[in-house]
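Both complexes below contain subunit A, partnered by subunit B and then by subunit C.
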Partner chain A sequence: MSLIENLKSYSEGINVSSDKKKLLTSFFEKGFPTIQDEEWKYTSLKKLISEDYSIGKNGSILSDLDISNHSLGFENKIVFSDGKLISTPKIKGITFSDFSDFECSTADTFLQLNSALANNGFTIKVDSNTIVDEVIEILFFTNTENSFNQYRNQIIIGDNAEIKFVEKIQNLSNSTSFVNHFTQIDCGKNTNVEYNKIQNNTENSKLIDTMNIFQKEDSTCNINTLIFGGSFTRNNLNFEQNGSNCESNMNGVSILDKNQLADNHTFVDHKQPHCTSNEMYKGVYLGNSKGVFNGKIMVRQDAQKIDAFQSNNNLLLSENSTIDSKPQLEIYADDVKCSHGCTIGQLDEDALFYMRSRGIGITEAKAVLTYAFASEAIENISILEVKLLAQKLLAKKLNVDLDFSV
Partner chain B sequence: MSEKKRQTEEELLEKVTSAEYKYGFTTDIESDTIPKGLSEDVVRIISAKKNEPEWMLEYRLTAYKAWLEMKEPEWANVTYDKPNYQDVIYYSAPKQKPVLDSLDDLDPEMKKMFDKLGISIDEQNKLANVAVDIVMDSVSVATSFKEKLGDLGIIFCSISDAIQEHPELVKKYLGTVVPHRDNFFSALNSAVFSDGSFCYIPKGVKCPMELSTYFRINEAGTGQFERTLLIAEEGSQVSYLEGCTAPMRDENQLHAAVVELIALDNADIKYSTVQNWYPGNAEGVGGVFNFVTKRGICYKNAKISWTQVETGSAVTWKYPSCILKGDNSIGEFFSVAVTNNFQQADTGTKMIHLGKNTKSTIIAKGISAGESNGNYRGLVRIAKGATNSRNFSQCDSLLMGDKCGSHTFPYIEVKNNSSKIEHEATTSKIGEDQLFYCNQRGIGTEEAIALIVNGYCKDVLNQLPMEFAVEAQKLLEISLEGSVG
Partner chain C sequence: MLKIKDLKAGIEDNQILNEINLEVNAGEVHAIMGPNGSGKSTLAAVIAGKDEYEVVGGSIDFEGEDLLELSPEERAHKGVFLSFQYPVEIPGISVSNFIKTSITELRKATGMKPIPTKDLLKMMRDKMKLLNIKNGYLSRNMNEGFSGGEKKRNEIFQMAMLDPKLSILDETDSGLDIDALRIVANGVNKLKSKNNATIVITHYQRLLDYIIPDFVHVLYDGKIIKSGGKELAHELDERGYDWITKEANKK
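Moving on, here comes the complex of A and B:
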């Protein structure tokens, strides 16, 4: 059975509201997007959706060892096992709760599917003026074979609050897993939020991750995406600036090999004046890997004095790796400074020669240069543990025994 | 910014929107026009009127059949009322079909028109050193310097003459770069094109003068569908210019042209366009729909360079492209696109790298004023076999006024790991500090803007042949007179 048939038989067995039914009907009529669809031009879903998945099943119980093995070691953890929320931390000023069925109108097929059928996820409410020093770690474990899971998460941050998150999705089964993940963050006035995504799942895991961020005035939001693992990763990162003086920062590092595919779609909607956005995505492609980048910056008519910067740099390090990049600027205001840059190239031969002539092996020399290339985006992460993990994973991926942290 | 200054700026902007299109006159020339509408019969009539051989009619009919099955593209970031293709006159020719011995025999009315447009069709005027082919409505009316070029073996004539006189060349190359089912507009053009220019440069010949085609829509309700085919044999070199104007009319006139360039081994083609079709009035009424397919193919060591200055048309849909098929071939694209009032432009280029060591450069400068929208849409594709390819792209946009928009849609697809691609784009307005600097030194605001805009476009204007560079600069001044961002 294919995914769409799995979904059909699953949805027949459950009761959903009439609104959701409508969404489902339109989804089944429309089906999944194809490469004819501009948003999916470079990423084919064909293989992904032709596989057979099990929906809504629970696997064996998670052991503490599983958790500690995959945790970054933070004390405050939110843990999910096959969709079920199994633990939440206790922090003053923050309310943690289970899935809440919040609304979000969208034309995106995967979000519609998520709206219609998701019944797992978390809700976090941060009270105004709460400043949290500790990092909140969110772990999503998949235990069932060939599972298809959907999460729908909401984070509401009160005015003047500051908070940091680290998120990881981990497949513990030996077979495939497919997660359709959606997170919405509402940033109150003068908030400061950092959200780190570590996408280092097993070789046959698939992920479609959509994150919608709504910012009020004077808020700063930083999203860091680190892609090392998984066979298929699609990130849709959308910012909507609804107040003046907002800052949206995005950093992304993808280091891929074998047949991995990573597709990063970002969209910043500058709706109000005096805002900034900074975007830096770095990609390193080895083996038969494929990278896609689509960065869109929209400046609305009355959003004057906007500074929007975007850069996408890529290293193609193997014969069969490919990259498709599409930076986009749509600008309807005149008093703005917007730029995008995109480069695709290789490691500098002279620099490699310089290092090799000083006794550094080719693999190590390449790794050092690659790290230097990616470090610009890694440097912007404020959490030391995440930064160290990124460095460790990079060394592992490049097959060298080097410690980049010193 | 002080309130007063903003006010003067608004006045200045007001002035821009009222800047008039000076080529908007119509000329009273008797013409032979067929009824409106498109059908297989119309295609047959056009072919018959031009006394074409059977294979040409076949070509047109296959294109027509393909067109019937195609849909008008909607992906471009422009909005317009789609033309009713049954409401267009597909063939209109000046009655006096000039089988001229010399240009002195030309209809005086027509001559007057070209004097008004400032185009020299006087062969005696050696100073200009430009051979001109003039296409009015659908038909080529005059070609100058034909004999002088003939001595070198260069064929420069209208495409209808070429079909009659050099069928082997036309048959060999027509539709090889832009196949008839390439897109909606190229299919339409292939079916109904009535004339255009044909140019053939023999092996090793360096064309001694600029070749030029001047396009003019005169008749009301007609569409202009011209076809240009330019073949540069091995080791030859040519510089080709094209200019266009149209009368002011309240209706939207359709222009769907196809240009094909073939640069064989070691050949060098430079193709420059100054496009100044009627852009419509300040309220966005009327104007020409400019839907053009331009593409060139480069064989070994060949080079194609597109330069365009786009100031006219209500809607522009145009992507001059290069297929870099041969090793070491070079493609270049230099563009200035100016939009004002309610104009919309979706323009850019495609660079398809197939051969090894191929290089391409893209410099696109957009200027948007009034309530217009300018788009850059480009594709750089590096195929797997295109080892050591290199691309550099730069797209800058300048915004003047807070109601205009400027957008960039670059597509970059790389399948080869020894290639280097750089792309950068910026959007900004003319800095207040830049203007202040000029004002401080006694340069008035308007002159300062002209200065800054000229500097901004310099990279592109420098690529134009001298005669055209002057015209382009003047056009820029007219289009943007007094606008402050």
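Moving on, here comes the complex of A and C:
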């Protein structure tokens, strides 16, 4: 069976509201997007949706060892196992709870599917004026082989609050798992939020991850996306600035090899004046890997004095790797600073020779230069543990035993 | 230590070095002078192993080993060091991280134990003092935004850290102010021993007042056309290259 057939038989066995039924009917009518669809032009879903998945099953019980093996070591953890929420931390000023549904109107097929059928996820409410020093780690484990999971999460951050998250989605077997993930963050006035996504899943894992972020005035939101693992990763990162003086920052590092594919779609909707957005995506491609970047910036008519910066720099380290990069700027205001740049290159031969002449072997020299290339985006991460993990995973991916942290 | 015999090398169809012969023994300082474009940097790069240049004839022997068979990193492991005429900027990697990686890899390759980071940092600070390098320098990105003189000083700093057997200094003096020249030359002299050797490539006699050469060679059109003692450098300073090239053409 293919995914759509899996979904049909699953949805026949459950009761959903009439609104959701409508969504489902329209989903089954139009099916998954194809490469004819502008948003999926460079990323084919064909193989991914032709596979057979189990839906709504719970596998074996998660052990403490599984958790500690994949944790970055933070004390405050939210843990999911095959969709089920199994632990939440206790922090003053924050309410953690299980899935509760929320509205989100969208034309995106995967979000519609998520709206119709997702019944797992978390809800986090941060009280106003709460400053949280500890990092909150969110771990989603997949225990069942070949499963399809959907999560729908919401984070509501009260005015003047500050908080940081680290998120990992982890398959515990080598089977073909597929997660359709959705998180909405509502940033209150004058909030400061950092959300780090570490996408280092097993070789056959697939992920479609959508984040919708709504910002009120004077808020700052930083989203860092680190892609090392997984066979198929599509990130949709959508910012909507609904107040003046907002700052939206995105850093991305993808280091891919073999047949990995990673597609980062970003969208910043500047609706109000005096705001900034800053995005820096770095991609390193080895083997037969493929990268896609699509960065859309919209500056609406009333959004004057906007400063929007976007860069997408790529290193193609093998002959068979590819990158499709596309900026998309739509600017309707006249007093706007907007810049974007995209580079595609190889490692600098002179720098390589320079390093080798200092005794650094060619593999290591390449790794150091690759790290140097990616470091600008990694440096923007404020959490040391995440930075160190990024360095470690990079060294591992490039097959070197180097410590970049001096 | 270094024996270069009938070395011919070039790039594609362009032969840059024509039958270079040069022998450098431990404890010696050799100066190579010669007009722009005569092949000095090419010779240095071929010794260091830049594979852009193709060696079409001759040999380079380094302490009994065929240097041309070795990769650039292996040559560095054997103790060959090149101070670049144009040091390369490497954004995203700090001086300390670069040097730490370099020393770690060198030690790994030569079977030595790694140096603890603490000791390494102390060693760096000592060498910085020797070369009068300001604090804050270690955390800057490698050569990025360095002034011309700072880059040259950074080359000698690396030389001091790596303690090579054969150092080739390619126009390390150009771009240095008068004080820096003295400091750098002084540093080079301090690192000199009877076990290592130095090849100094320069256009100016001034440097050779500080680093006193045992031999001076004139490279012209890819060939060493004259060799002599340190007086030759003085003569060149006064008379230029014309008389030597004429002399060579006569032969």
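We take it that the second predicted complex is superposed on the first by the 406 of 406 C-alpha atoms of A that agree within 3 Å, B and C clash if a C-alpha of one lies under 4 Å from a C-alpha of the other, contacts with A are read in each partner's own complex, and residues count from 1 in each chain.
Heads up, the rule we're going with is that a residue touches a chain if its C-beta (ideal position, glycine included) is under 8 Å from a C-beta of that chain, and two chains touch if they have at least 3 such contacts.
Given the structure is predicted, the values throughout are model-derived calculations rather than measurements.
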item: Subunit B versus subunit C as contact partner of A:I61, first or second or both or neither; value: neither
item: First, second, both or neither for A:M1, with subunit B first and subunit C second; value: neither
item: Contacts of A:I131 with subunit B and subunit C, given as first, second, both or neither; value: neither
item: First (subunit B), second (subunit C), both or neither touched by A:E319; value: first
item: Subunit B versus subunit C as contact partner of A:I344, first or second or both or neither; value: first
item: Which of subunit B and subunit C A:E38 touches, first, second, both or neither; value: first
item: Which superposed partner A:L329 touches (first subunit B, second subunit C, both, neither); value: first
item: Which superposed partner A:G361 touches (first subunit B, second subunit C, both, neither); value: second
item: Complex interface listing, subunit C residues touching subunit A; value: 48-50, 52, 71-73, 75-77, 81-82, 84, 87-94, 96-98, 100-103, 105-106, 109, 117, 158, 162
item: Footprint of subunit A on subunit B - complex, ascending; value: 75, 397, 399-429, 485
item: Footprint of subunit B on subunit A - complex, ascending; value: 38, 42, 301-302, 304, 314, 316-319, 321-346
item: Parts of subunit A lying in touch with subunit C, wherever the complex brings them together; value: 348-351, 353-362, 364-365, 368-369, 371-376, 402, 404, 406
